[in-house]
Amino acid sequence: MSKRLINLLTPIFAVLLGIILGTIIMLVSGYNPVDAFIALGQGAFGDVYQTGEVVRQVTPYILAGLAVAFAFRVGLFNIGVEGQFIVGWLAAVWVGVTFELPTIIHIPLAILAAMLAGGLWAFIPGLLKARFRVHEVIVTIMMNYIALHVVNYIVNTKMNQGSSKTGKIHETASLRSEWLSNLTTGSSIHWGIIIAIICCFIMWFLLEKTTRGFELRAVGFNQDAAHYAGMSVNKNIILSMVISGCFAGIAGAMEGLGTFGYMAVQGGFTGVGFNGIAVALLGGNTAIGVFFAALLFGILKIGALSMPLAGVPKELVDIIIALIVFFVAASYMIRIVLERFSKKGVK
Amino acid sequence: MKKHKIGMALSLVLAAGTLLGACGKSDDTTKDQAKGGDKEKTTFSVAMVTDVGGVDDKSFNQSAWEGLQGFGKDNGLEKGKGGYDYLQSTSDADYTTNLNTLARQGFNLVYGIGFLMHDAVDGIAKQQPKTNFAIVDDEVKQPNVASVLFKEQEAAFLAGVAAALTTKSNHIGFIGGMEIPVIERFESGFLAGVKAAKPEAKVDVQYSGAFDKAELGQTIASKMYSSGADVVFHAAGATGNGLFKEAGDLKKKDPSREIWAIGVDRDQNDMGPDVVLTSAMKRVDVAVKDLSTKAKDGKFPGGETAIYGLHEDGVGLAPVNSKAPNKDAIDKAVKEWVEKIKSGDVKVPGTRDELKTFSAK
Amino acid sequence: MEYVIEMLNIRKEFGGFVANDNITLQLKKGEIHALLGENGAGKSTLMNVLFGLYQPEQGEIRVKGKPVHISNPNIANDLGIGMVHQHFMLVDKFTVTENIILGKEITSGGQINLKKAEKEVRDISERYGLAVDPQARISDITVGMQQRVEILKTLYRGAEILIFDEPTAVLTPQEIKELIQIMKTLIKEGKSIILITHKLKEIMEVADRCTVIRKGKGIGTVNVSETNPNELASLMVGREVDFKTEKIQASPKHDVLDIKDLIVKDSRGVSAVRGLNLTVRAGEIVGIAGIDGNGQSEFIEAITGLRKAEKGSIKLNGKELFGLPSRKITEAGIGHIPQDRHKHGLVLNYPIGENMVLQTYYKKPFSKTGILNFKEIYNKARTLIKEFDVRTPSEYTLARALSGGNQQKAIIGREVDRNPDLLIAAQPTRGLDVGAIEFIHKRLIEQRDNGKAVLLVSFELDEIMNVSDRIAVIYEGQIVAVVNPKETSEQELGLLMAGSNRKEAGEGTHV
């Protein structure tokens, strides 16, 4: 069995194992797994409306997953996607609310602002890592809290339009579309999914096809060799964090310009950034993998919302997601089993 | 070796199962009912969407769900489609989806619990004009939306009176969730109540910034108690659970110590029978039940805002803890203030600005 | 005589690549049996099969005549097979005893009985002449001592058959002598030994028989007493081997590298290079001789821009390189075969083909406006792989999967191909077999003959004497002498490297 196939099969097995173990847990705790999965499927694909919602949910997951994966490929663990996501959201909404511009300028400008904000938020840990070798995990975690509270403060005091949230963005900055919404009988789907898919392509192209990507990956694999080869390790560390932050910022823009159209004071972390870590892990830190992992997470999350209607607590889906992540993290086990299996096949 | 592994995996699964089983117990009974009574079709069904606190937040959302359950029982409805039900939200992004899902399931009336759902209710109400919606704690101006507001300040005022008459250190604490109008009403009313009953007592006001961070609530409570406060009131949802934990811990360590906590939204006496002095009740359950009944009777107040105060029994003070040292005095004082508020003699301030000019007669 | 281990017709494949093809190895009781082969010939694979880490596709393993199925290292251990690894598997912060008993702790009531363990360790070490202090910390003892701990570990676990994997690679000459003594004692005590090595000298000295494998195939087993190093070498490589590198007289020209008063600090902030002066001319090989730790690494890192120098001047063809980043230095015309090929030389997780353009990927034709041209990159890689005889399943294979010798050949190919005015080779043959060493030496001399300057750093005096046109002796961060290899002896060099006789040696600076 080729390495490639094993790389592909590992996450699939992880998903299957997660679902199987989740089923066992349902049985043991007295819920009907068939009902639960039907409810889950109905909740995600019951009608086009639900599917529209899945797409809407998948959009920020893809981008957050890309953000985590991109930094990871350069050997950095960006836990700060959540914070970069929040500042990106605010920046996009700020542009959306403040300016009056034609759509063709307004949307790109708002997304650009989100990228800048997210990029800046990631630049700080990148700089500290490059200059002083401060571990990025610690700094990004702290930056998450700073983001949350600073953004809440700004929303509450500077942009508050009542009820602790900003005003609505102008129509010209909105990614919502009457057409898409009607197509899915009124879901909150928006054009952001196209942006997310483009970003997948950008990440793949940047990492695999450009000299910059060659450097970034080299730094990720072996900093000493990268240095030996004349690459600037520090520059690439900072750059990778900034690009990662840009993806996270765009993810925030999707919420600001698409899903919500405003920003409200956040009672706590949204979880999108943290789900991004799981998505990246499941997707093997590749662009295409992130896309499919995000799709799975979106389906599970939206589908889960309807599970209480079938009398099954939706926390069960959270358990299944956790199990999948667990099995991916423990993919070593799955690999060994697969390799054993393939060996027997040869005999 | 292998056996050992399997055994461990099995015990893990079992452990997870029992935990879940415990969580879902309350649902089990209702589910059984649902299966038993499929034939009986009712014409009116109602559902609600919780905010991120979840249906078991021991506070706001739970109170609303109790109201729905009560309504269901009174009218012979079953949990589920065609009866009464709820959906939980894990993030702000879920509100719209959940509201829409319920509307599409054909529920006649769908509640959005909490001001956070304002925009979601507003949007979905336009999309689903045939369904009636209601929002709690905010106003949505749509013909098919009823808004429910409370005079939280009145309940909080009474809690303030109780706190003022209980404190010995003349040092009282207030823990707010987020700085939003609803909580500002709690804060203003509470401060006014303390001021009215004991002007020399000072109140330490702190906000946790979240409604779902019990550990944060505990930290704040710990600081307040250690700096001399002996009565602390919270209006912070699940964050406030930390307050009861802290008070209970302190009481356990030193049973002779006089410390009290005041609950919010529902009678939170169950959170610590030894330390919960009383609770500023916001009867979301009453409001939900009341509004549901009106809707069922075809009198749905679409486009209107219903305000529930002391007068409507929409807010109130829970029975004062029998272990409180001067329970009688408190009961007496509370009774007097209730009269005054009901009669309109006293207007309890609902904002900080109003509080500045407030003076109790 | 009975065989304690028989590996009969072993075949092992890795996805189409045959690592072991019909290899037979029979170990007699009480003998030292050498396993000889070039790097990548399949020695380690064969031993990993024996140790249960790999399963063979064909063939049979017998222990004391009985066929066995070794599916994991625990079974190998139970059968009395112990491996003394090349890279020690020891916990630095533990004591000798703690390391030895790790995994086989003697416990009484849940507590480790260290006293009893220490006594056992002492008993074993006395019996086999393996003097170590059971209470010493691993981090405090020498490499030679650490190896003894590895040996003790296997003995403690009751090993009857010991596999030594390249045991002398890390040892000093004195320690090698001691090790050979230990092996002889072990045999006397009834153990049997498989010695994996590519050093012919050692085989001649210690082994009874020798099995040779070449490119995965078993070539045969010979009695050491009936053979000689030349025969072994040609068996291993498959052709006649020259031990003395042939070269014509150097004809040095202008100065290429000119270093003045260079001061470099090491990672702890202590000056490792203290006012070093050196010139290397076009068309000559200058060898830096010295004992490890006299500033060689820091010196090379400073020239190549991997480390910041404190003071001094580094001129290449008259251009000052001091303080420039490594890319500018590379572009100025320096090639560098780094001392640690895994750390610096290669990105192990990149295909070998992409490693071939590690310094040139941003240039045409390998990329254009920031977009890589993989067609050109792999064309280049194929050319180099062919030209430098890098044995790899394909140019898309990860560098990680190649043997050390082939990795090194790839690096040399890459560096030589850039045609630098100065080629720096730091320990270019460390851990390589005769065939590869010969190849590399030839390439270095070729560069010289093409009028390039070559700077060679090595701890192997043989190599320095053999290849260099001038030898600069480094001691405590300074070049203390420059001598002509034809006019010096190993003895003189040894003295200079040890820092003695410094004054007299200093007179020889101008050759």
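Which chain is which? They are A, B and C, in the order written, and residues in each are numbered from 1.
One rule holds for everything that comes next: contacts are C-beta pairs under 8 Å (C-beta built on N, C-alpha and C of every residue); 3 or more make two chains touch, one makes a residue touch a chain.
In this text, all values refer to a predicted model and were calculated from it rather than measured experimentally.
Novice: Specify the contact topology among the chains shown, as one of line, ring, star, complete or other.
Specialist: Shape = line; chains linked end to end, path left open.
Novice: Which chain is in the middle, if each chain's centre is the mean of its C-alpha atoms?
Specialist: A
Novice: From the mean C-alpha coordinate of chain A to that of chain C, what's the distance rounded to whole Å?
Specialist: That gives a centre separation of 45 Å.
Novice: Roughly how far is chain B from chain C, centre to centre by C-alpha average, rounded to an integer in Å?
Specialist: Computed from C-alpha means, the inter-chain centre distance equals 72 Å.
Novice: From the C-alpha centre of chain A to that of chain B, how far is it in Å?
Specialist: Distance between chain centres, rounded to whole Å: 33 Å.
Novice: Under the stated contact criterion, what part of chain A meets chain B in this complex?
Specialist: 21, 24-25, 27-31, 43, 47, 49-50, 53, 56-57, 149, 152, 156, 163-165, 186-188, 255, 259-262, 264-268, 270-272, 301-302, 305-306, 308-309, 311, 313-316, 319
Novice: In the complex, go through chain A and note every residue touching chain C.
Specialist: Residues in contact with chain C: 2, 209-214, 217-218, 221-222, 224-232, 343, 346.
Novice: Flag every residue of chain C that touches chain A in the complex, lowest number first.
Specialist: It comes out as residues 15, 55, 57, 304-306, 325-331, 336, 338, 343-350, 354, 358-359, 361-362, 367, 370-372.
Novice: In their shared complex, at which residues does chain B touch chain A?
Specialist: Residues 13-14, 16-21, 23-24, 27-28, 31, 34, 52, 79-81, 85-94, 96-98, 100-101, 104-105, 115-116, 118-119, 127-128, 138, 177-181, 209-213 of chain B touch chain A in their complex.
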